[in-house]
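Residue numbering begins at 1 within each chain, and the chains themselves are lettered A, B, C, D, E and F in the order written.
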């Protein structure tokens, strides 16, 4: 079963809200390359697993971690949308040429349906589709599906990195890119155990993104999200927790999951989004 | 962020596998009334929340709990599918009249795509659709969406209860029905705080299901899934953790989340499902 | 069965066409919060109803009214699109900076697929999806689904109201917002009959929209769309046709459906949309 | 705008409920060949019409008629499902071999989600999709879309006719098949006015269904659903209301819409479907 | 079975890349009026055909031709996207007012998911949907579906023609519009054989597009894509290969399929799209 | 561009029609693991390719081959459906207990919508979805997507193999399984060129299917579908046309595409499917 705390896995900071970038970030939430897909994919593979147990455990650990990534990205969308609705009003009503340009590519449903919140959809507002969740019953096929998901996912993250010069967003993405590096490696580690030989030079995909831009301290660490005090989950001898990484670029290590970010703080609801009166009045309250 | 252990929130036991019932259970996983929807809905509402904070916290607690319900149901599907593929082979090849009857309504993708595993889809194999995740930015509209989801969800669970006489499945469903009772009550508690008056007689929906068939010890308890040791999460004065329940039938109480079930144990892969050789050989291994 | 006349339920007037606003209006037609959904939802609930009869009758009356709302909104989209295609041509070809700004957020399919007409889709062009039509067989669950639909629907309508300063569009929306007020109240009236207590203070959702901006003469009137001369449909003693409204803000009354609007008049097809020659020649003809 | 009465356009009678046939009928409700599609397609074409007016009027008349067809088919599904859930319980639990055979092909969501009611979905439970609603802005393209819809629709209806020997269902289908004959003819009449020459020998599609099995008194009558007393809607000189039909097989005539069926009467909710207690108690009440 | 060469059926040239036009072109690839739909529709009708054989052969020929149209349009999208990502970066980051205007309507997934490549989706990014592939088993119904598809398809192509002043794009579209003219005629020829009379004046739909703008040398030629040297495929007496065209505007003729275009040459990957290093290094290599 | 002949790539023979197996085969046509997906995926990757050219060429060759696989499978579905509709009539009408058992799991749309023809949908009738077509612009990510598609595809094919004892179907599947072996190897060959090391032991996935059951003469041959006489397409030095296969189990070789099967011959339309009269009369005609 599952637990949470209120802090983010890594800090999410937006220096200057940008509703166009919020739209682009949706691809990483509800798109086929996004985090809802990998979260459900790893968890369904774990829950459907018929052995051996170490793969089930590993999938559970990482599926749980991906929940925290969805959380970070939804927070990033919400922060990037702050102020967007007044700009959208200006744009559509036509009083404000400058805002029009800024707002041109916003997803209108971020305001209309979400009241400045994220959706379970991609960058075009196309809903997340459960057909993308691959759990085939064949561990090698599943691992290829996972390497593929982390490869297209990391490609997406590096493109998002290119689309922003907001230092906060670049920082968040450097963390997510690093985690994709690790996740590619850990699925490859299973393939190695299943008989694959050397796979060192292609990864991490894309190999054209300079690794010194990723948050390297997180690039080769297996995050263990298991909180059972009776479970000797740290320190077991696993291919993905020690020894050389599969891409040959570093050493694996393992770490108990803990938040590096803080509890997120969103601004109050926008008046034009018509939250309830009580929300507008109590938005700043701590309880 | 999120954590897990390897045990189920409540025990999942199948006395006699039934692949038709596995198909029906899919509606509670990936259908519009199902657990993926409520899980994502509560978490998106929490993550998009712009205050007050107590609602965000509550949504996080319960969204996290719903993850454990998906886990229970996927486990139940997998257990109900054991032995199904050999029956399906017999049925389609046509050697075995008796099995044909048993297998008549099975979802063929449970074997073809899942290798006897669950999918992110409904009872007809229609994939989960992200459009069902409602997070409107208006807390009252969201709470109505949540009461509605728990009402159609509890109606579904009671219909599933009628569709089985497997004692293990009835036990699991009595737990899920009880949790739906609580969840209806807790969203109503928010509406009460927002100014709603008395709402006691309609709930829990459906009111035609005898509450002595639900696992009553879980029907009015708020499950706190927060594991932050620094967080005084238990014992705060909340409308949904103490006092009379909104349906007037009991008293609310609060409990730290803990597993009442065990780690799930699925059978080995079926030979005809063509897992990798290594899976077939190592299925029973503990590592 | 069903009948029509050629007039609109309420007047639809656009002072200055705005294709961006046309796109936003699509959410109220084919989005999950939109009128196709409530129309089909109320009608399926009526047609599937197994008693008592007064709820079936009421659902039929209001489901029929929602048809007229789709009609109004499609007309509004078509009127807002007039002139849009020449602007789009200018924008994409790049001769006209000013038009480019106006057209920036237009849905390209309004021209490409619709020839300046509305679609059965949302503000992002995602098609209407029949999975949103809830008819559960449990009247209380259905009523919560209906309150939820009218709550998110009214939130959407108030946000659309904020997005325009066109007096015609504001007038149309003030009518639709008023009808949502009534519809919230009438579904709550069923819940009251089923045993719910006082529900007066939360509604209409959102409570942050000033009710003096809605067309108040329509906010608490049950519109009876039944035209059977043998049917004593007006004047029956129903909770939703007389007495205090559930939100405590007014008195219910009942009215036979009649058009307050006129027959809609759209402009001729745009040359660049390539209607048939006969359409271009005969567009203004009365027959 | 729109009106209704409580009677069906044509009688719907089921001699022996058959849940497998209920599933097949769903294709005619929410499938791509079904009535929701033509209803919305004709209405969107009418509402988006930019002239000449006679086509808009005609589309409104027939779009309104299609609403009544959805109503008839939903009623037919609900009647065919009576008793189905107890059979389904027996089937899945496994006590009853005979019922198992009868129930083998039932849609489980008819019970699980609908409580023995119809859905906005096709025969496989795939939801209705708004992308099927064609309104192109070109009247000739639209008319071909309409002929095509009525051709695949009539093919479907004749196949459903072959799938039943229930006299009530055959009678209902003979009416719907006749209406499809007329609708093919009336869209062809528009094409004739637009310059098409002789189109007499192919229609009605399929031409392999003996027309003496359709309810011939309805096969060439234009049903005028306009109830405006000020509108001279009957008796106007239209190609589709008088003269030889386009298929050369009869003469067109026109009729004011009126119900040939009665108010539908469904049985009470099934106990195992868990309607509210009040529904079960009051199901037979007339109010 | 199927074969290919590396050249395009007709030349595809873009004078000035325009990512907004790339988005519009997507409708002709993955939209309901697009080429994936007609390609699969004609091939499924051929493969499912139960005679007579000449229709199966014809459907195979033209379904195969449509593959080449998808290829042309994907090439056109890729060429129109060249340079788009640096513009998008500028736009979202906000350094470049001019580019912002140019890029306003780009599909963000063309960069995020495709790395400046086309997708199997429509102009709003909504994925191609297999439900649009009509193969009914009734040849007349299928032919109406095909005429309808080519009618809405040709309407779309003429609208795209209006949206560009790029001479290369206009040239490509003049070819596709001509092929739609032929395809409308050839499906009508089947209807004529099935008993339809004169259909000459309505077509090609839309009749408001001047035929001297289409590539007339391709407007009435049946393209025979069969390469079997043993097959007397050219010169058979078919209604669609000789004699007057159905629209009465020209004479049919037949031609063996051959490429009029060259092998496409796309530019190298954009640095910010993060292809693999090897792709960036070897992009210009001939092997 | 593309060409065809009328023969199948490999023979398709059905000894005894089995409509349940027809339903299962749909997963290999329109499911996420199916041939429409790989066909479009490889072709979009080719068309969007920005170099080097040898990968584009290879993707074109194999994407074209996949068209022939869809054709084989659609033919197999149509052959398995022969006689199905009369059985379905018996089943639903209820005269025939034995047929009922045979038909229990048939897809009703195979009759209702297809008239005994295949659809662009999966084994549950869920339509093919264009979102599955991965073309990322990163060659390594794309190759992983392709290995994954061929792995889940081959897993599916081996499960279908287990579901039939029809010698014709087993023969067809042994060919398709062999081609999946080759296709896994050829995408791995690209990864090897990009720097991957040894990958020999895991493949072909699943490794639990005995390779002596696949049509081994096709398991390591690159099928060159290019028919351009000017193109030296055979005999070029490519990693996937000569040398040891990547899985270490054989040697690669290359072959010009040619049909090993014959022109398919389906039976005439079933009377109850209501094809046109002309189809029923002329079904056996060679022209």
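General observations
We adopt the following convention: contacts are C-beta pairs under 8 Å (C-beta built on N, C-alpha and C of every residue); 3 or more make two chains touch, one makes a residue touch a chain.
This is a predicted model, so every value here is computed, not measured.
Under the contact definition, chain D and chain E share the contacting chains C, F. Taking the definition of touch as given, a chain qualifies here only if it contacts chain B and chain C alike; those chains are A, D.
When chain D is laid over chain F using CA atoms, the rotation angle comes to 120 degrees (nearest 5). Averaging C-alpha coordinates per chain places the centre of chain B 37 Å away from that of chain D.
Our note on geometry: chain C versus chain D, Cα centroid distance of 24 Å, whole angstroms. With centres set at the average Cα position, the gap from chain B to chain E is 46 Å. In chain F, 32, 101, 104-105, 113, 115, 124-127, 129, 131, 136-138, 140, 152, 155, 194-195, 202, 205-207, 273-276 are the positions where the chain touches two or more neighbouring chains simultaneously. Touching pairs of chains, sorted by label, consist of A-B, A-C, A-E, A-F, B-C, B-D, B-F, C-D, C-E, D-E, D-F, E-F. Here chain C touches chain A in the complex through residues 18, 20-21, 23-24, 27, 31-33, 101-102, 104-105, 122-126, 152, 155-156, 158-160, 162-165, 202, 205-209, going by the rule given at the top. Those residues of chain A lying in contact with chain F across their complex are 32, 126, 129, 131-132, 134, 136-138, 140-141, 144-145, 147-148, 151-152, 155, 191, 194-202, 205-207. Only residues 1-9, 30, 36, 40, 43-44, 47-54, 57, 60-61, 64-65, 67-68, 70-71, 74-75, 78, 113-121, 127-131, 133, 135-140, 193-195, 225-228, 231, 236, 257, 259, 261, 264, 266-269, 273-276, 278-279, 282-287 of chain C touch chain D when the two sit together in their complex. Residues 85, 88-89, 91-94, 97, 100-101, 103-109, 111-113, 115, 124-127, 271-277, 280 of chain C touch chain E in their complex.
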